[in-house]
Structure formats: C-alpha cells, structure tokens
Amino acid sequence: MTSPDALFMLTSGRLEARMKSHTVHLTMNVPARMDFVNITRDVERVVADSGVKEGLCLVNAMHITASVFINDDEPGLHEDYKRWLEQLAPFDPSPSRYHHNRTGEDNGDAHHKRQVMGREVVVAVTKGELDFGPWERIFYGEFDGRRPKRVLVKVIGE
Amino acid sequence: MTSPDALFMLTSGRLEARMKSHTVHLTMNVPARMDFVNITRDVERVVADSGVKEGLCLVNAMHITASVFINDDEPGLHEDYKRWLEQLAPFDPSPSRYHHNRTGEDNGDAHHKRQVMGREVVVAVTKGELDFGPWERIFYGEFDGRRPKRVLVKVIGE
Amino acid sequence: MTSPDALFMLTSGRLEARMKSHTVHLTMNVPARMDFVNITRDVERVVADSGVKEGLCLVNAMHITASVFINDDEPGLHEDYKRWLEQLAPFDPSPSRYHHNRTGEDNGDAHHKRQVMGREVVVAVTKGELDFGPWERIFYGEFDGRRPKRVLVKVIGE
C-alpha cells in the first residue's frame, strides 16, 4: 500500500530521469575550398542548453563533401592533413580522373576526402559536459567550400 | 498535496516520454565482389516502425569486410570510389601482399577497404524522421560479396 | 478514475523503462609505438555492469593518436594493417614531412593513422549484450605508445 504523497515523490524523482533531446543546426561559411574550423565551443553550448547530464552527443556534417572529426587544434597538423588528403584524392575538375565530374560538378575529390576524415563524431556527455581527453577538439572539415553548409548537433540523455 | 487524478495525468504525460528502442537486422545479397547498395528506404521504414520521434539511429555492417556509409547516390561517384579503393588496397588473393590470406582467405583487401569507408553511421531522428541534409543517403558497401550478410539498424529515443 | 494501487503498479512498470547510463574509463599501456589490443571483454563487462538491456554503447579513444575500431582478431591482418598504415602515413620524426613535428613532437604520422582507423565505435546493446556479427571484435589501436592512455566506454539505454 502507498499513499498519493509517496507516489508523487517517487514520480518526481523519475521526472528528472526521463529522456531529453535537443537538436541544433549550425551554419558554416568557409571561404576556402578546403579548411578546418574548431566548433568545440558551439557544441559545448548546445550540450549546456540541452540540460542533459548523462547521454550522447552526435555531431555530423549534413553535406557529403564535408566532415566532422576530432583531433588536435594545431595549425601545422592541419597543413599536414591538407597536403596528405590532396595526395590521397587530388583536386581535378576534369571528368577523366573522377567520373563524378561528368555530372557537371568539379568536387569529386571532396567526396573522397570526406570519407577519409569521416562524417560524424559521437561524444559522451558526463556530468553535463563533453567527456573529453586532454587534446580532443571537434572540427568541421570543409572540402568544397565557398557556400553555406550545415552541421547537425543532437544531444540525447537525461 | 495532489489528488490521484492529477497524478495519473502527470504519469500519462511521461508514458510518452519514456525510452523506446527497436532493432532490425537486414540481410544483404550482393552478387559482385565490390558494390554499393542504397538502403535509405529500409532504414526509414525501421525508424517509422520504431515510433521514435526524437533519438538516434545506428546503422552498422555486422561483417568485417563490409561498410555502412553516407554519401551521394550518383553512379559515377560509386565508380570513382571503387577505382580509388582498389588503388589504396588492391585485391590480391596471394598471401604475399596480405598476410591475412595465409589463413586460406582471399579477402585481405576487403578488410582494408572497409576501414576507409567505415563500419557504421549514427543518424539523428527528429520529428520521427532521419534528420538529413539534401543529398545524404545511406549505403551498404560490400567488399567481399556473393554471400548473405547482415546490417543492423537500431533506433533509440522517445 | 484510478486508485493509488493501480497507479503504483503502472509506475513500477516504468521504473524499469527509464534511461540508465554507465561510464568507465579504461587505461591502456602499449609498449610498442604501434599495436592493436582486443578490448572486447572489457567492453562486455561494462555493458553487463550497466544493467542496460536495450541501448547504445560508445567506445572511443580519448587521445588523438589512437583509435578504437572493429575488425578481425587475426594476427596476419593486424600485420597487414600496420604495413599499410606505414605506407599511407610513414613515421618520420623530422619536421620536413610533417609540419606538426615543428612543435617538438615526433608523432605527426600517428595523427594521420588514427584518422584512417577512426576514433570511435558505436555498438548496439540488445537483450543486455553487444549485438555483434560472428567476427566483430573491438580493438584499441595505438600509434604513439609507450605511455598510459585512456579509452572511454559509455552505455546508455534502459
């Protein structure tokens, strides 16, 4: 047997434990064809606004010639990545190297670079914050810039 | 103080907010050694069946010579990917290039191609639908086909 | 109309359905510069301890010169991966190949190898266990070892 008062207290406890979700689309404007932008603070803000204390945070490029990845905020490394990606999948607007460019596009290389660097990251949210190692930062990777593109941030948890 | 009726209404509201999950294994049969199959509609159906309005959808290959990735549904690009992956990790059944083929397997290359293209994608579910950019489509990537393989789709949320 | 007893039973049913989460940081000590460690059992233990029956399990490297990936527990394949990654991004402590090494680091190559193999995996938890295909195993991939590093395992679900 239980009284309505006891029930309400039990119920209140669970109110905080129910699932929450929060979704934000960021807009990126990168003036170069290829570049990397640190979006860690934007993601931290979305996590804070979500009110989620324990959960997961998905961050993904919504465009297929762009990436979201986690690595070091070090300009020399970013130069290395650009040179390396250019070797693995060189920019070439002609339709001879990339059949994709037969469609009238010139960004076949960008679809390849994005696969190397990845579409998304999933980050743990613990005690209301991104549960990160000491050097982890979140980057938007642009491989066909000079027009607005979007990044999705979704937090789910309790 | 609260009455049983008020409690019940409060409770009903939370009934909809509790976590749901739904899991489906798709079976893929790709006649070629390497090919890409658009599985976006299959995943959309699983999301609709799940009843989840806000959450995350995981889609992953359950086999280690296959990928799930998101990119463009454009045949020229898919030809480009195949040629590029063949350069990065050529098919070679001999055990000289791939030690893995000393086990009697001939698919060492497929284990490499899968790492470039990735095992899984995590997609946001917003208002009951995949929260996608304009050109995002989900593909199963097969690198050692000609036998049935499985893809896992799991939706969690509320 | 409903009685307090009925409410309590309804409430109890939902107590099991509320979201749970469980977070563990594993510490890795890899004596070689590059090596792969099977951490499947450690992850299985975290999932069992979480009490989650249906949900998602995130496993990620907390360091940016390391990976978590899923593939085969076959030593020949691991040798193949090492040789292949060394071709794609050779170790070279000089600052001429990797600008990153101008910072005094010698691990520019490791930041590239990690991008090929990936930062994280997300695995479905179904009926209280990792929902795996027959050969899926979880590996920690070290590319700049000989010091302690951490792996995050987070399970959310119900």
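First chain written, first letter: the chains are A, B and C, and each begins at residue 1.
Everything below uses one rule, namely that a contact is a pair of C-beta atoms (placed from the backbone, for glycine too) under 8 Å apart; a residue touches a chain by one contact, two chains touch by 3 or more.
Everything numeric in this text was worked out from a predicted model, so none of it was measured.
In the Cα superposition of chain A onto chain B, the rotation angle, rounded to steps of 5, is 120 degrees. Where chain B touches chain C, the two copies mostly use different residue numbers: shared numbers make up under half of all numbers in play.
Averaging Cα coordinates per chain places chain B and chain C 18 Å apart.
Across the assembly, chain C contributes 4, 7, 11, 14, 18-19, 56, 88, 116, 118, 122, 156 as residues in contact with two or more other chains. For chain B in complex with chain A, the touching residues are 1-4, 7, 10-11, 14, 17-19, 54-56, 69-72, 74-77, 79-81, 84, 88, 116-118, 121-124, 126, 131-136, 156-158. Across the complex, chain C meets chain A through its residues 4-5, 7-8, 11, 14-15, 18-19, 21, 23, 56, 58, 60-64, 88-89, 98-103, 108, 111-112, 114-116, 118-120, 122, 150, 152, 154, 156.
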